[in-house]
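Heads up, the next two complexes both have chain A, just with different partners, chain B and then chain C.
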Partner chain A sequence: MRVLCCVKRVPITGGKMVLTDDAQAIQTRHLGFTISPHEECGVEEAVRIVEAHAVEAHSGEVVALTLGPGEAEEQLRECMALGADRAIHLVSDEEWDAQATAGAIVEAIRSEEPFDLIVFGNESADAGNFQVGIRVAYALGLPVVTGLKGLTIAGGRARCEQEVPAGRDVYDVPLPAVVTVKEGLNLPRYPSVPAKLRANRKPVDAKPVNRPPAKLEKLRLVVPEGQGKQAEVLGRGADAAPAVVEVMQKLGVA
Partner chain B sequence: MSVLLFLADGAELSLQAVTLAHSLGGEVRAVEIDGPYAPSAWAAALIDAAEGSDIVGPGSDRGNEVLAHVAARLDLPFAANVTDVRGDEVTRIRWGGTLLEDARIHAQTKLLTAAPFAFAPGARPDVVETLRPELGDSVRVVERVEPDTGGKVSLADAKVVVSGGRGVGSAEGFAILEELAELLEGAVGCSRVVTSAGWRPHTDQVGQTGTKVSPDLYIACGISGATQHIAGCKGAKALLAINDDPEATIFAHADYAVIGNLHEVVPAITAELRKVRAT
Partner chain C sequence: MIGAGIVGNSLAYHLSELGWTDLVLLDKGPLPNPGGSTGHASNFIFPVDHSKEMTQLTLDSVRQYEAMGVFTCSGGIEVARTEERMQELQRRVSSAKAWGIDDVSIITPAQVKELVPYIDESVIVGGFYSPGVGIVDSLRAGTIMRERAQERGALSVFANTEVLGIDVEHGRITGIRTSRGDIATETIVVCCGVWSPKIARMAGALIPLTPAVHQMIDVGPVPHFKDTKGVIEFPIVRDMDTNMYERQDGSGLEIGSYAHRPILHDPEEIPSNEEAALSPTEFPFTEKDFTLQMEHALELIPDVLNDESVGIKYAINGILSLTPDGLPLLGETPEVKGLWSAAAVWVKEGPGVGRAVAEWMTNGESEIDLQSSDIARFYEHQRSRKHVRDRAAEGFNKTYGIVHPSEQWESNRNVRLSPFFLRERELGAAFFEAAGWERPQWYESNAKLLDEYGDRINRREAEWESRWWSPIINAEHLAMRDRAAMFDLTAFAIFDVTGPGALETVQKVSMRQMDVAVGKVVYTPVLSPSGTFKSDLTVMRLGHDRFRVVTGGAHGMADLKWYADHRPVDGSAQITDLTSAYCTLGLWGPRARDILQSLTSADMSNEGFAFASCRTIEIDSLPVLASRISYVGELGWELYVPMEQGAKLWDLVWEAGEPHGVVPAGIGVYGTTGRLEKCYRAFGFELDADFDVVEAGMAWGRVKAPEFIGKEAHVQHRESDPVAVLCTLTVDDHVSRDGTKRYMLGREPVLSKQGKALVDAEGRRSYVTSAGAGPSIGKHILLAYLPPENANVGEELLVEYLGEQYPVTVATNDSTPVFDPENARVKA
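Let's look at the complex of A and B:
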């Protein structure tokens, strides 16, 4: 099995969204970075699948791919600490729209040996466009199932469980296929120290890419109103209980 | 320019999409799709029906998925979860709604979904056409698995959610939250720190990558108030935060605050509630 996982570097925004002066980005001077929990589950799942099929297939590989700034190598190393074997880094400092992102990923995939499975997060943590994986599937002529909370690979097919309000919808598609996954698919491992050290020695194939003009062009970011309410303090410690129950009665939930 | 309105699953979100469709100004034609869910085939049917007009759908999982298939087939931009449209400019949500983006669409045809709860619901159109797509060998749902809820109220539907974060300290620590939730006929929720630690299953997680809840009362116990958590509970009618740090960000999102140790406050609320009910 050869599995590709596509991930995106995003800031860990903490309690408050603060923008740069030109409103083009989140102020990240004091922030750490990560990949989305969806994508982390995607990498974990890929590693488990390849491990499970290693005996019968005699070979297998998990490749992590990102389109992002030079610093995004940090996130590729995180993926390799989770167990990915190598990484592809499409380097660009600019923010790409979903169509352009999909185009660049498709080109990168075409220059590789074919993958059995291509894994995306259901939506990126920051832009939330809900479409890159689907566009890549169409460009490559592959089936796609989104929002997976369950995945079983057997006999050259993928049984995919998609979360819906009433439960789970099941799809059964032949490989190769594209899937997009959600957090909850599995509980990702905490990388061990040796795994992190090994990740530092795994290869990253970095190549610069040029952004085409955006079809959905970001003009500016805006922080919505409603951050900064004045809460009514009902009290301190256990003494606040009567006031809390009064509020519950007022809200009609007591 | 006319607008094709796709009434997908979720009556509430679809009616909000009605309002977005009318805000574009053209004549609105509403369609529903009959048959097993098959996003690729459904998208092809919408494209046929639209004959080049704009397509608007709800910001539900299916609405966003089918519109993304439409966009991929037509190689057009797709603006998911918009809150406002002004000519070729849209406002759309990022980060689960805790940040907004103004963006320009560079295309003749607009493909849009309505961000959940950004629009007042419109009236269901008098005329709704039913499309019956040709499925061929397209990817489709082959089975529905219903979860075993054990008769408990689901997190998404609960009127009260008692939610715990890192401050709860352990899986066992949730017993006092369970007890209060049961008394209020509500559900227990949690933050991502809790699911990552394995104290609760991910089905209990509230937030951007968990469940989005809209109860009458959300009680956040030992939760700091990270934007990704708020993304899941900002639909609550009232938010009560219990936290021992008076500077915690959660208080900036709360209607009511109790400053203190949740391990003392939560049992005291439960006891008080029992006392009041007994009299």
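Let's look at the complex of A and C:
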């Protein structure tokens, strides 16, 4: 089984969002970078699938792919610390729209041995276009199922589960296929120290890519009202317990 | 108080204890964790440090944390991977015992393994076990102290309140402006850690620290810790040779490092609480900087870290404060009256610093001597951004380093050069730094003297003691005693106290009589209110209303502030810093008079130029202020000329000295061998706030009639028996177990002949305050305060050095020198 996971380097936002002076980007001076939680679940799922379907030890592979600046290698190493075997880095400092991104990824995929499964996050954590996975599937003529919260691979087919109100929709598609996944699909592992060190030694195939003329132009960013940290005091001492339980139930952790 | 971290909260509590009311504690962040370094600190405390001051502050902090019930004792082990480190760990045992921590020991790899079963003992050669190590809940401690001050009605607390400006009028604090209103106040303490420079700048003051990264990761869950109770059961391990630590934290393990490249930031770069993804002082982890550390950690604790189920759950670049010399920044800023700093303080010393600074603000002094941490200690260039960052970066990787007591900084050197510098360099001077000055420690050109003195000069066989040292020092010493030597003393701090209020100022600050004839030089202790040492220095009376204070470079700026602070309020005395105006050439030895007399028509005879007098003489075309005193026990003078005339003075003295066999001599002689043979005391070594004048054996003469700071206490000290007596000891046998001769370097514990620690009635340990060769007497000399019952000439004792005990004998138990006890040479 060969699985490709496509990921994107995005800033870790937790505090108040600040834009650059020209409102073209998020001010990242104080921010770290990561991949989205969707993509983390995607990588974890890919690693588990390849492990489960290994005909023999070390057969099959998980490949992580990203399109982004040189620094995005950090995110590829993160993926490899989670268990991906190697990485493809399409290097570009520019910002790409969804169509162009999909085009570059398709080209990269065509130059590789065919993958059985291509995994995307449901949407990127920053732009949130919800498009790249679908465009790639279309271009490659592959079936695509989006927003997965469950995935089972068996007999050359993928059983895909989407969460819908009051239940799940299930799709059954033949491989090769494209899926876009959502946080909650699994509980990704924390990378171990040896896994981190191994990741540093795994190969990254970096190649520059040129952005075609943008078809979707960003004019500027706006920070929505009311954005930022909010703390609500639920109560003090033991009296606060019922309110805490209620919050936990709402979050689905109790 | 600006900043509600461990320091601000502690300070609020201790000030309220000391009777302060109307206290306000501000923080721009929320409580109880406003987002500073306290909030992400690893919170463990290893009490032993080579610095007495830091150890005392840490021990006091531990006592306070314990009393608040927030201290969990875990024990700690510093492990060594090399033999060189094992020697360093032995030094730590010495420091522990010198500062009164007895329960420490050197243990074998197997013993380390027994205490910390998850380490691989094959990569280490031993450990330094410190059972008193523990972790604290510093946020809880802060809350407890803050709430106690509030309960007393002494403190108002304003969280989420940003400082917008500080008002200063005529150099004094008058108020503070905040996002929630203005407050009129005469006193502000900046205790906001990494933000401190930014806040102090609002008042026009500099707090020389830099925010720097300390990387930490948390891994878990560790199967080994599954059944442990509480937050910590296993001793904390410091892997000294890799600059790392590993500590259990519940089911996880925290790994921290001081090994990565220094990563420095500016206070302005720290995000606001709102913008920060985590806390403002938890920066994104830069993983590449930690790769090697992970490999090192893997070597030491493979059982935990090779387990693939143990994941890295949290990783940050924690921001903490670093200073140019690694010590805190405490006290009133020299620029602004009423603006205090309590910055660059870590959790381990936080409550101790809070108490000490509160005492200082209240009483003008603290029980624990803060001389090394005094923010007034810096010269201007030492507060520059470049100097702060260069030295902080250099010091960072030495956090767990093996730092020799004489170790020199490498960065930002050659900043202050005396006019003798070019000549000194030609003579092969080995330059050591003093207050930014490049100062010869010895001269390679004197290597030829080694043959001349042959067996009288002992070579140091062990690498440790020969580091930052040369036998040439001892040869220069003997040449000075036989002929004469020239010394570059330009690093002295010099300032004039002038005006109608000058006498009143110097009388108030100095212990000895200052109302002397013009042309007299007085050596005087400067006392704290409780009669211990604030400084010691010399004062020349140059005119009715003009006194020139000459003091050591290292502490000169703090002395200047102390004099300036005690001028009459009517403005009748002025202080002028002349440090950069005058250079100083010392000329001492039996031929000094002949040399100088050949250069001047002035009467340099004993009758014409008495000891302890000064006057301007003409040497060639140079008017030279000559002062006949000595710190090396020889006939001679300090010669002062304006900087630009220094080179000429050097050449004149050099040429006149050649027929007399003059040699250039370094500070190795001036500060150690020459001084110790005369049993002269040095500030920061023998003289500090732990001992008084009587104990130091310096209470000669009568107490002067005029008032002076510390007088009342000093008179009491004279009336009662001393609790400790400063003695001079000589080493009887240097041979160690392996046959190598070893030479103590200072700060070693002094023990009874039975090997027991000597403790005086006030609980103070006997330790070697200074150590060095006495080439003229052919013995290694040690100074130490001893309990009176041991302070007997001829008493045999032991000194523990690097894990072995050496026999020593008390040579003198007062200020009588071991060389030339009659002081005939000085007064020749």
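FYI, the second predicted complex is superposed on the first by the 223 of 254 C-alpha atoms of A that agree within 3 Å, B and C clash if a C-alpha of one lies under 4 Å from a C-alpha of the other, contacts with A are read in each partner's own complex, and residues count from 1 in each chain.
Here is the rule we use: contacts are C-beta pairs under 8 Å (C-beta built on N, C-alpha and C of every residue); 3 or more make two chains touch, one makes a residue touch a chain.
Please read these numbers as outputs of a predicted model, since none were measured by experiment.
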Which superposed partner A:242 touches (first chain B, second chain C, both, neither): first
First, second, both or neither for A:54, with chain B first and chain C second: neither
First, second, both or neither for A:25, with chain B first and chain C second: neither
Partner, of chain C and chain B, that touches more residues belonging to chain A: B
Chain B versus chain C as contact partner of A:191, first or second or both or neither: second
Chain B versus chain C as contact partner of A:15, first or second or both or neither: both
Partner chain in contact with A:167 - chain B first, chain C second, else both or neither: first
Doubly contacted chain A residues - partners chain C and chain B: 13-16, 228-229, 231
Residue numbers on chain C that touch chain A, as the complex places them: 30, 219, 269, 271-278, 283-285, 287, 291, 294-295, 297-298, 305-313
Residues on chain A engaged by chain B in the complex (per definition of touch): 13-17, 26, 36-38, 97-99, 123, 125-131, 134-135, 137-139, 143-147, 161-173, 182-184, 187, 213-224, 226-229, 231-242, 244-245, 247-249, 251-254
Residue ranges of chain B in contact with chain A within the complex: 9-10, 37, 39-40, 61, 64-65, 68-69, 71-73, 75-81, 89, 91, 93-107, 139-147, 156, 159-160, 184, 186, 192, 195-196, 198, 202-203, 205, 208-210, 216-217, 224-228, 234, 237-238, 240-241, 249, 251-261, 264-265, 267-269, 271-273, 276-277
Chain A residues within the chain C interface of the complex: 12-16, 18, 29-33, 74, 77, 189-197, 200, 228-229, 231
